[in-house]
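Chain IDs A, B, C and D follow the sequence of writing; residue 1 opens each chain.
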Amino acid sequence: MIKILYFGRLRENTGRREETLALPEGITSILTLKLWLDSEHYLDGALQDPSVKTMVNQTLVHNDMALSGDEEIGFLPPVGGG
Amino acid sequence: MIKILYFGRLRENTGRREETLALPEGITSILTLKLWLDSEHYLDGALQDPSVKTMVNQTLVHNDMALSGDEEIGFLPPVGGG
Amino acid sequence: MLENIEICDTSFDPAVKLEAFTKANSEAGAITSFLGQVRNEADSVSELYLESYPGVTEKGILGAVEKAKSRWPLTGVMVIHRTGAMGVGEPIVLVATAAKHRRSAFESCDYLMDYLKTEAVFWKRQKTANGTRWIEPRSEDYKDNDRWR
Amino acid sequence: MLENIEICDTSFDPAVKLEAFTKANSEAGAITSFLGQVRNEADSVSELYLESYPGVTEKGILGAVEKAKSRWPLTGVMVIHRTGAMGVGEPIVLVATAAKHRRSAFESCDYLMDYLKTEAVFWKRQKTANGTRWIEPRSEDYKDNDRWR
C-alpha cells in the first residue's frame, strides 16, 4: 500500500489530508502516479505544477522516481513559515 | 564659577569626578584651560590627547571656544557602551 | 551548546521561553531574539493557520541550526514554531541565538528567520474578511534568504 | 509609537522588560531584541563598571532612536542601559524594536546596538585578575557602525 499526504492548498484541492491505496496497475513512477491522481481527483493539473515538490519516504525526489507500492508519498506546494 | 566634569579614565588621571572653580586669570578658552588643568593636576598631556572631546554646557566644542567663567565643562575620553 | 527546537500546536509564552534561554546562556555576551506574531492588518486578518509535515519539518530546522552553528560561533540556539490556528497577536515563531559577540548573534538569528520564512516545511493559510488563502513567501523573503548563499 | 528609554544604575530584569514591550506591541508582526550581558571571559572579568554623562547620554540615545524611526517604519522602540558595577551574567543593555516586517525590526535593532557600542556616551571599565582597565570600542565595532552611513 502507498500512503499519500497532501499539504497546504493541495489538501483543499483533493479534499483530503491523506489516503492509503494499492498502487494502481500500470503506475510505476511519481510522474504516472501524479497523472493518475490528477484525473482521479479532478485536480486540473495541480500536481503537475512545477512548484509542487514530491517526497518519497520523506526525501525529495524527481518525477522519474520508480515506485514499489510500499511508500509514503508527500506532495508539497511551496513552503514557508514564520 | 566653572564646573568641570571628568569622565572615564580622566577621572582616574585627575583623581576627581568634578571640581568647581573660578576661571583663573588669563584663561579665556578651552585650549588655555586644558593647558592650565594639565599642569595643575600633573596630567602629562592627558587633556591634550586628540581623542579627548570637550563639551561646554553639554554641547561639543572646539579648543578655540571662548569661556565666560560660568559654564559646565565636560572632558570626554572615547565613548562606548553596550 | 544549548539547543532547543520545538514545533508546537498550542500557544506558547515567548517571555517564559526567552527567560529560560537567557538563564541557560547567562555567560554569553550577546543574545539576539526574534518574535513573529500574527499581525493586525488593514484587511483584518482574523486567523492564521499553519501546518507542518511532522518529521520532515523538524529535520529541516535541525539542518538549518547545524548550518548556523558551523557558520557562527554560537553558545545557544532556540527555535520555537507554532502550527495550527492562531489569532491576532499570538506568537508564531521565536528564534534566539547566543554568542560571545553581537554580530554572530544578530546574523545567525537573521539567517534562521530567513530559513524559516522561505525553506522551512510549513504551509500558511490566512483568513481575512474576504475568505481564506494560502500564502507563500514574498519575493523579499527569497531575496533575504539569498544573502546567505 | 511606543518608546521607552531608560538608563538605570541598578540591575533590571530583561524578561520583565521584554514581556511588557511585547504586550504593548502585540499587533506588530515582528519584534527583534538584543540583550548584552557581562561575559565570562578566559581572563576572568569579575566586574564591569559603566558611567554615563547624565543628560548628555540620554539625549544622544534619543537622537539615535529618532534616526532609527526615520529610517525604518517602527511601531515600538525600547532601549535600557545599565550604569554602575555589574557582575558576570548581569544584563548591560537591552534593545527591542517592533515593526510590521522582520527586516525593519532586525536592522533597526542592529543599528541601535552599533550606536550604543561606539557613539553612546558611556565609559566602561573592566576588572580582571590583572587589575582594571578602561575599554574602548573594538575596530570591528567602528566598522559595524560605519555600515549605516
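Everything below uses one rule, namely that a residue touches a chain if its C-beta (ideal position, glycine included) is under 8 Å from a C-beta of that chain, and two chains touch if they have at least 3 such contacts.
Keep in mind that this is a model prediction, so the values were computed, not measured.
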> Could you give the fewest steps needed to travel from subunit A to subunit C through chains in contact?
Replying inline: 1
> Using mean CA coordinates as chain centres, what's the subunit B-subunit D distance in Å?
Replying inline: 28
>> Can you work out the whole-Å distance between the CA centroids of subunit C and subunit D?
In response: 23
> Taking each chain's centre as the mean position of its Cα atoms, how many Å separate subunit A from subunit B?
Replying inline: 76
> What is the distance in Å between the mean C-alpha positions of subunit B and subunit C?
Replying inline: 50
> At which residue positions does subunit A touch at least two other chains?
Replying inline: 82
> subunit C: which residues touch two or more other chains?
Replying inline: 36, 102, 113, 117
> Among the chains present, which pairs are found to touch?
Replying inline: A-C, B-D, C-D
> Quick one: in the complex, what on subunit C touches subunit D?
Replying inline: 14-15, 18-19, 22, 26-40, 88-89, 100-103, 105-106, 109-110, 113, 117, 140, 144
> Tell me, which parts of subunit A touch subunit C in their complex?
Replying inline: 5, 7-9, 11-12, 55, 58, 74, 76-82
> What part of subunit D is in contact with subunit B in the complex they form?
Replying inline: 36, 50-53, 55-56, 59, 81, 92-93, 113, 116-125, 134-137, 141
